[in-house]
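As written, the chain order gives the labels A, B, C and D, with residue 1 at the start of each chain.
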Amino acid sequence: MSLDADWTRRWIVLVADRIAERKAELTHLDRDIGDGDHGENLDRGFSAVRARLDDLDAAATPGAILKLVATTLISTVGGASGPLYGTAFLRASTAAGDAETLDDVLVDVLRAARDGIVARGKAEAGDKTMVDAWSPAVEAAAAATDARSALEAAATAAEAGAAATEPLVARKGRASYLGERAIGHRDPGSESTALILRAAADA
Amino acid sequence: MSLDADWTRRWIVLVADRIAERKAELTHLDRDIGDGDHGENLDRGFSAVRARLDDLDAAATPGAILKLVATTLISTVGGASGPLYGTAFLRASTAAGDAETLDDVLVDVLRAARDGIVARGKAEAGDKTMVDAWSPAVEAAAAATDARSALEAAATAAEAGAAATEPLVARKGRASYLGERAIGHRDPGSESTALILRAAADA
Amino acid sequence: MKKLINDPSKVVDEAVAGIAAAHPELRVIEDPPYVIARRDAPRPGRVALVSGGGSGHEPLHGGFVGHGMLDAAVPGPVFTSPTPDPILAATKAVDGGAGVLHIVKNYTGDVLNFETAAELALAEGIEVESVVVDDDVAVKDSLYTAGRRGVAGTLLVEKIAGAAAERGDSLAEVAAIARRVNAQVRSMGMALTPCTVPHAGEPSFDLAEDEIEIGIGIHGEPGRERIAMEPADGIVDRLLAPIVEDLPFASGDRVLLFVNGMGSTPLVELYVVFRRAAEVLAAQGIEVARTLVGSYVTSLDMQGCSITLLRLDDALVELWDAPVQTPALRWGR
Amino acid sequence: MKKLINDPSKVVDEAVAGIAAAHPELRVIEDPPYVIARRDAPRPGRVALVSGGGSGHEPLHGGFVGHGMLDAAVPGPVFTSPTPDPILAATKAVDGGAGVLHIVKNYTGDVLNFETAAELALAEGIEVESVVVDDDVAVKDSLYTAGRRGVAGTLLVEKIAGAAAERGDSLAEVAAIARRVNAQVRSMGMALTPCTVPHAGEPSFDLAEDEIEIGIGIHGEPGRERIAMEPADGIVDRLLAPIVEDLPFASGDRVLLFVNGMGSTPLVELYVVFRRAAEVLAAQGIEVARTLVGSYVTSLDMQGCSITLLRLDDALVELWDAPVQTPALRWGR
């Protein structure tokens, strides 16, 4: 089984399902150190993505699907995570180009997504943001031998990265206003990143 | 012992003491069916009366003392009870005239007070107001044989009148807005009237 | 009780001092406390308007002192009518020789204290007329009660009568206009939560998380009925129906629609309420020609709202639109 | 949670519809939702001002659309920046050929979404300048954070830049004035209670009956520190000290003092706060030349307040005093 257009659709639908399921949990993380809307924001975005996926040409490439995800997130999510995830999927789409499957370009796609987030948000590793899930995921994927194991490694690394945000003081996003009071709480964006990458491994 | 100027002063000071003591209780009654300030209002007024009593000429007659109470209540209490009690004491003072003691004019004094309240507030018996304590008190005093027993009878009748307001629907004052919901609550003004007349009997 | 206050017994003193500090165009008379007056009063030859009542309804009345509205406001203790002394002082301070109109909300205490002040003013040679505002349709059977309460409609009476005084109408004319506004205005309020009087320290009544009060006044008194919490649209319908029936307002009428917050209601909710009220009136053919949305006649920190309708004619529209320059209501200047 | 709303997910829709119904001088663009614009926009040859951000801060920003202030406001979902689409739509709708100024509160989401919209507008040939407002001194170490937040000072930037645009200043001039205001304005807020986001249904943080938060933002985020409840005067001192130190404001300065309510704070309490703030500034030789008191930049139903100081000069005073005619701020017209 390859990471073709069908897989890409399955992945995105799985993300949409799991975000809908875990919306309250994501919002709760955001309530603790942000403004309590991260789950709502992503659910609004991925619900819209799901609806538009059906309208997409049956022959759409993985890159075209990722572009639809990007533009939909940009125009429906708002907040910080909307432009950040939007840019991530947009850069991923560009990296995917016209390829029929992502198997050979997977690491480039993931790296492009991560770089897009960094370019827009200017966060560094350890700033307690979604970058702390993306960066270890990209490294882990790069070290893997094939696409499937790269996805599995990325998901596991993202989950570890999300967990590792807990002891940190935030230096970007709303949690940065809290100083020491952010310690002990997981960054919501790193958790949603882990969710997205776990869905990729499971799709 | 006669109802002379000394007695009048003792009475008013006793009223001031008891209102200060029972301020919260009166306010609480008013909270249930009014706006929760009756105790505060009267305490503000009688504290001012107490302070001004000392400035009063040592030779002041009972009538002069009652006039001081009246003008002080009018200018410090506000609300409904301020003008009503103010008018009551003003009319009482007029009824007392220049008499050195109230023994012979007591019933006239009490009746004048009650009539003053009715003239200003237009309440009838059974409207669930302070009139429901004043009116039985005046009748009871009129039926008594001497001033002392008249005071005792008035206090007892006022207390019974206050208790008897509980099952009533109010037709005057703020409690009238509540309709049936006022049933079961004692009118705060009738309770403060009972307090004032009981203090007269005890002074 | 959590409030931005110091000593609960000093709230009115300190708030009045704050009003004086924030609005140099107003003058506070300290003795007897507290009269808030226009700095340019008395204005010779103009009718002056004095209103007042218990505090806790801010910006009513102090926030409505200024050009085109009140000449003086007399704030009493929280929810307690002022005594005659400051009302008299206010009346004397603003009288410009053309007489003074007292605008009084219909509560026993307010009526009695203003009555005494008016008598004393008359004795000092000042012509005084009094208008009692009683716009609250929540009080039924007003023949068998202290009568309807004066609530949010008071603001409309003050604004429109103030404009009439500003253009130079006589005392009789200004009083007649104020009475005409009162005759054409109806209000009804509700509470999501009670309020807490500072010196009492406890809520003015108890209300469960799933209950609301319909037909409340503005002194923390409970309302006409207690019902289960429901969506805003249903609440609006419950408030509007008795208002419309009462006057009655009818298809073809032009009205001013005033949605008022009770003190702790966020503006965003008042707009949700306004939307429904406008929709319902439109469906009945009643034209909303003028609007007001905000917390203007409040009940301390109560959450809730009231809806007020005033039937307009050209003369009233002109007076409503006339310039006003007060801390809380300001346009045209 | 008790609110005057219907479906929690429809609050913004219905409030915007209410604003449109209450203020016929405004125009609501329905698609993409929601842009609130001046009915007379675009005004040929004048710089246009667009602001926006998450909803829940009413009257900010929709209540400040009108003559002398914003040309359009773009309300996002509650506490969530709008997406670039409606910001772009607003920018196109009000551009009168002289360019558009975006006034953006400094939050990652707002900055990123306005940034994208500005790029798209530029691609369509519209000149756009952006000013990011960051007046909140509660955020320390702003080099190591997302930077200071934009809070109540935003209103002052919008009013003063709006007056400059209205008199015909160029885009560069209007942007420079907006940046100058931002450079001279400092704010700090506190909460007695958290707020409740409608779709969340639970308070944004927990606060005991004897605790308050100092240094809160306007999105229900907890503050810089949690302390025991204290009297208003002490709270004012805690808010003012870091504001005054920061700029710093000094003896001889002329300032605008703005006491802002967070949404559920009664006006009477804001005046108690104002009184103390004016007293403290006077003692420091800082002259309060202009004032504003009210709930203008709110955080849903949060109880609390913020204090804002703006250092004035003659040019800023002239622009502040210039006529403004919006639902929430109105004078001189």
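Throughout what follows, a residue touches a chain if its C-beta (ideal position, glycine included) is under 8 Å from a C-beta of that chain, and two chains touch if they have at least 3 such contacts.
For clarity, every value in this text was computed on a predicted model and none was experimentally measured.
**Student:** Spell out the chains that contact chain A while also contacting chain B.
**Tutor:** Both chain A and chain B are touched by no common chain, going by the contact rule given at the top.
**Student:** How far is the middle of chain B from the middle of chain D, if each middle is the mean of its Cα atoms, in Å?
**Tutor:** The mean C-alpha positions of chain B and chain D differ by 55 Å.
**Student:** Please compute the C-alpha centroid of chain A, do the same for chain D, then give the distance between them in whole Å.
**Tutor:** Going by mean C-alpha positions, chain A sits 32 Å from chain D.
**Student:** Quick one: chain C and chain D, Cα centre-to-centre, how many Å?
**Tutor:** 29
**Student:** Show me, using the given definition of touch, all chain pairs that touch one another.
**Tutor:** Final set of chain pairs in contact is A-D, B-C, C-D.
**Student:** In the complex formed with chain D, which residues of chain C make contact?
**Tutor:** The contact residues of chain C facing chain D are 2-7, 11, 14-19, 21-23, 55-56, 58-59, 63, 192-193, 209, 212, 229, 231-233, 235, 259, 263-276, 278-279, 288, 291, 293, 295, 298, 300-301, 303-305, 325, 327, 330-333.
**Student:** Touching residues of chain B toward chain C in the complex: what are they?
**Tutor:** Against chain C, the touching part of chain B is residues 27, 31, 33-37, 40-41, 44, 74-84, 120-121, 170-174, 176-179, 181.
**Student:** Enumerate the contact residues on chain C facing chain B in the complex.
**Tutor:** 32, 54, 76-85, 107-109, 112-113, 115-116, 138-141, 144-146, 149, 197, 199-200, 202, 204-205, 217, 219-222, 224
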